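These notes open a run of structures that come right after.
There are two complexes below, and they share subunit A, which is joined by subunit B in the first and by subunit C in the second.
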Partner chain A sequence: METAIKTSTIKDKLIFEYENSKLFLFGDTQLRDKAMESFYEQGIPTRKHEEYKYIRMGLMLKGEFNISINENCSDAQIESLKFLKEAYVVIIENGIFIEGASNVQNLPKGLTICSLVDAEKSNSPIFEKHYAQYADVKADPFIALNTAMTKDGAFIHIAKNTIIEKPIHVIHISTASENTLIHPRNLIVVDENSQVKIVESFETVATTAKTVSNALTEIVVDKHAIVDHYKIQDEKELGCLVNTTQVIQQKQSVFSTHTFTLSGSLVRNNLTVVLDDEHIESHLNGLYLTAGNQAVDNHTVVDHRKPNCNSNELYKGIIEGKSTATFNGKIFVRKDAQKTNAFQSNKNILLSQDGTINTKPQLEIYADDVKCSHGSTTGKLDEEKIFYLRARGISVINAKKLLMHAFASEVVNTIKIEALREYVQEKI
Partner chain B sequence: MNEVIEQKVNTEYKYGFVTDIDSDSAPKGLNEDIIRFISAKKNEPEWMLEYRLTAFRHWLTMEEPDWAHVTYKKPDFQDIIYYSAPKPKKVLKSLDEVDPELLKTFDKLGISVLEQERLSGVESRVALDVIVDSVSVKTTFKETLAEKGIIFCSFGEAIQEHPALVKKYMSSVVPSSDNFFAALNSAVFTDGSFCYIPKGVHCPMELSTYFRIEAAGTGQFERTLIIAEEGSKVSYLEGCTAPMRDENQLHAAVVELVAHKDAQIKYSTVQNWYPGDKEGKGGVFNFVTKRGMCLEENAKISWTQVETGSAITWKYPSVILKGDNSIGEFYSVAVTNNYQQADTGTKMIHIGKNTKSTIISKGVSAGFSNNSYRGLVRIAKGAENARNFSQCDSLLMGDQCGAHTFPYIEIKNNTAVVEHEATTSKIGEDQLFYCKQRGIDNEKAIGLIVNGYCKDVLSQLPMEFAVEAQKLLEVSLEGSVG
Partner chain C sequence: MLSIKNLHASIDGKEILKGINLEIKVGEVHAIMGPNGSGKSTLASVLAGHSEYDVTAGEVLYNGKNLLELEAEDRAREGVFLAFQYPVEIPGVSNINFLKTAISEIRAYKGLDPMKAKDFLKMLKEKQKLVEIDGALVSRSINEGFSGGEKKRNEIFQMAMLEPKLSILDETDSGLDIDALRIVANGVNKLKSEENATVIITHYQRLLDYIVPDFVHVLYNGKIVKSGSKELALALEEKGYDYIKEEVEA
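Entry: the complex of A and B
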């Protein structure tokens, strides 16, 4: 009962804060009002909510929160986060696009990067066409909350027939000395025949209090486009992250996404990929490493709406300490989506006595001419393999490390940007 | 192929007929008086009535669950007759005393009690506890069983004659407050089977009960309780067919199994209740709570089910693996056709050390039906070296049906090894081609492939039952797959 009261107060507080600040927020107030209404109806999900069964969102939002934070970290700290040397860097600090720190000058032809606020101000038709069209406020309270309260974020547009060689690196930085709640939001539109690699990283620096980041990214992949998307989540002990990614794919496009959860006290990923036309390919990869009291919850939805599409999903986890990892992968195959191939695999290694793994691979299939499968395994490190290595003079610790690296490599090797692959490998 | 499917989909339900037996029914509706009426009718002791009333009061506070992947018009619980017994007869000594109408019904089903009796001299004997509309009419082979010390009787009889056992074990596995339908059952159950296998006894024959739903508008609320003492072994069979009805009939049974040290219980079900007509009208609602408890070490409980009937199936036979080294198994074939909906699966709760569980689930959906597997594998913190293997496959026939899997896997111990696999596909064109090339027609080929697909589960059924199961599956395959 007690927690119920607390979560309801945070809900009321958010609404109060919204009413206070809504005049200063960019864009369509009607859209925001509607989203807030939807949030009010849904509330902060409790564990009774089927989709939030294994994670305690109420706990994350316990206590006081500063909603209009305005802190900055030093340039040197920002510099240290730019781990991709060759990239167009976008800095989003506490939910605000910082143009000065970003490296978005001298962009090649066809590439537009600006803040959401600017995109809205300039009446960009692409922004108007796509903004808030895909993430449904009724589907999830955090989508609603983000839609209502977002202040800023990045708008990235790749025009028709453009190949962007260098990756685009969007760095989300949380930095705070008191508890904060922010709602950064990105819109990425990739037009016909274009190719791009986008890395989103989520970092917490110089923080002494709890930061909750409710980030949302919408990605539009138009016909024949090829998009490589990476998420590196490194929120340290104090950072909490709710990361919603909503993807819509058009005809014959290829979309790959790779989610790496390296740290963070609570990380919830809602990834939805909608295959809205024929001959689409989607790849969803993920790796989560949890330790301490961490909770990581990966929810993915692959929605096959049209025939002749392929999707492939691979999520792997290594669980240590008292941490909890959850994987919930849904595959929908709609009535017309014949000749669909959808595969899903989730593998976990539980290293400690006190860790918990919950997995729920789900298939909902309404078409008959399909090939779908999912598999899930959970176990510890293979004793025989450790023995094999030890028999060859490798210490227990090194043998375990070696095996874990081998386990993770299946996901890590899917990274196509070399610098990023090295960075992730090192982090593991 | 579509033509064949269509033609077969149109096959009428073969076992639909109504036998006229005068019912001695309670008025419609549910309240404390009805419960008192049922209790009085069955001559129950005071504690039993108390138990029912407690369950009923708890039921009033509960809500009908709606998380299952099924849609239906919720039954009006006040529009159900909660008690209907065929004409009360004194204790029956021989088959001649059984209502001839009843015997005819069984003849039509192809399960003649006479035949069973004739078989009694042969090696494979099947004791039959015939249930028509909630009341056990005929119990055969009771004497043979009694020699071994096995108690096999109707639940009502058990309450009268073995109150201590009933009191001790009833609701020990499925508490009366467990879920909405279990609570309802606890309040209004009319009869069922009771089975007690004493220490070290291997039950010499397969125990079997046939459930039928007779008398229009009757809900059927069975309760089965099987207790296997240390080192004992029993195999229990349950099979059902129901006559054609227009209105929905509710069936909310509770089955509890208790296995002590080294005991083994094998529980097999063939369910072929009326699934509704091809527009999805009518049919039986099957909301069953089945659970087994491996109470002490080395116990083993195995569920096998062939589900072909019912408009809606909502059933999760579960095993709680409490004793160390205990084993739980679940083998299931679920076939849905037309507008049938099935949400079925299992729960394996690993608590003891070195516990093992296996789940094999095969779903076949055709027509406009929806077939879901929903299962839970939970490894508790203390369950060292627990092992689970799950496989659930779905076969789709036609582009209007759905097949879904909702597995929940919760692991809190790092020595556990848990594997889950699921596949969904349609019948392989090359398999069909192979059969056809060898002169097997389309319909037979599909039957052959589906039978092969379900073989893992069918092979788990006891010999005596396998014939019947295959027959039922064939009928349903005729109606669903072709």
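Entry: the complex of A and C
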């Protein structure tokens, strides 16, 4: 009962906030109202909700939250987060696109980067065609909440036949000194036969307040496009992150996404990739390192709708302390999707007695000529391997480090941007 | 260099070593032979510091230090090297990174400056040649997908890189064809000097044709029941272990 009362309080508070602020929000009010209605129906999920069984979302939103913050972090702080030296940098501070701090001047031909607010204002036809078309507000309350309450984010468009060599680095920064809830949103549209690498990083510089970021990115991968997407989640001790990534792929496109969860008090990832045509290739890789009282929950959905597509999913985790890690991997193979190859693997290392791992593959196959497999393992670091390394003069700590790096390397080595690979390697 | 006195050790409450006495001086090569289950590999593991075994009595002095009080890594840093009977595969850790880490920790323990990258690579090349190991193997993950012979050769390569004072070769000959055996023996012989000592644990005497021991000991039922010169190994080969068993039980 108690949980129910608290949950409804949060819900009512959010609706009140929405009504108060909706005049100042950009875009389509009807879309927002509908999303809010849908949020009202769904509410903040409790652990009775099948998809949120292993994570306490209510706890994340306990207490007072501010939804409009006007704090900025220093230039030096921003500079320190630009860990890719060669990149087009986009700064999203507390959910707002900051053009002055971003490095989006002199973009190459075919590449557009601007704020969502500006994209909407300029009546961009690409924006109008794709905005809020893929992440379904009825599918998840956090999608609904983001759609209703988002204030800004980045709009990135790569025009047909364009290859963008340097990666685009979207840095989300939470800076608040009081508890905040923000809803940054990005739309990335990659047109036919184009190629791009996009890195989204999520950082908190706040040290005293709880920042909750309900971030959503929609990615459209058109015919023959190749998109390499990375998420680096480093929200530190107090930061909470709900990160929805909704991807739609068209014919013969290749999409790879890599989710690295390095820190954060609570991190929930909802990643959905829809393979909406034939001969599509999708790669979903993930690595989560959890410690302390952290909770990290990766929910992925791979939706094979058409024949002759391949998907490959590899998630690995190292769990320490009293932390909890969850992996829930759903694969749909629809009736039309004959000759599908879909593979999934989740491997975990548990370093402590008190850590918890929940792992759940879910395959729903409606076609009859497919190859699908899934596997899941959880183990400790191998004592015999540790002894072998120690017998050569290596300390226990370094032996464990070598073995953890080795375990993670299968995922880390899928990073194609060298500077990023080195950055992640150092964080392990 | 090594002095083992009345060493008793057990695993899961079962006593395997029942009072081993052994003296090894610098510059010597000792062979320890014995039938299966006599405690040969247990002795090697206990000396290397494997925590699976409990030492219940006795002492081991190594260059005046109480070896049994040292952690496994400190024993290695002091110059004790075990060539494993079954070297483990460690996918994802390259041999080079592994050896680099080991050498830098050993040097730090001894208070030496870190080795320069250039010197390390030079050493790597020299030792590769010395033990006739393929450079392609060295650049791969530790023992991953190696054949039995390649794993054994990799053990000797690590020995060459770490330059130990006391090397214990645990059944390094098992599973090796004659060519591989010669290469491994050749490597061990080249690494032998007046400053180090070698213990060869083996079931068969064939390896001893190539690495000639100064002493041969027969381990049976957790004790050294007979010691002698290299002729003892030949006698064992000829008569089989049964004659030792009979002698002991008589």
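Criterion: the second predicted complex is superposed on the first by the 426 of 428 C-alpha atoms of A that agree within 3 Å, B and C clash if a C-alpha of one lies under 4 Å from a C-alpha of the other, contacts with A are read in each partner's own complex, and residues count from 1 in each chain.
The rule is short, and it goes like this: a residue touches a chain if its C-beta (ideal position, glycine included) is under 8 Å from a C-beta of that chain, and two chains touch if they have at least 3 such contacts.
In this text the structure is predicted, and so the values were computed from the model without any measurement.
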So in the superposed three-chain picture, is A:341 touching just subunit B, just subunit C, both, or none of them (first/second/both/neither)?
neither
So which one touches more of the residues on subunit A, subunit B or subunit C?
B
Quick check on the superposed pair: does A:373 touch subunit B, subunit C, both, or neither? Answer first, second, both or neither.
first
Mind working out whether A:390 is in touch with subunit B, subunit C, both or neither, as first, second, both or neither?
second
After lining up the shared chain so the two structures overlap, which partner does A:72 touch, if you call subunit B first and subunit C second: first, second, both or neither?
neither
In the overlay, answer first, second, both or neither for which of subunit B and subunit C A:103 touches.
neither
Which holds for A:363: it touches subunit B only (first), subunit C only (second), both, or neither?
first
Overlap of the subunit B and subunit C footprints on subunit A, residue-wise?
none
Spell out the residues on subunit A that touch subunit B in their complex, using ranges where they run on.
50, 54, 335, 338, 348, 350-380
Report the residues of subunit A in contact with subunit C in the complex, numbered from low to high.
382, 384-385, 387-396, 398, 402-403, 405-407, 409-410
For subunit B, which residues count as touching subunit A in their complex?
67, 69, 381, 394, 396-426
Residue set of subunit C touching subunit A in the complex reads 48-51, 71-73, 75-77, 81-82, 84, 87-88, 90-93, 97-99, 101-103, 105-106, 109, 141-142, 158, 162
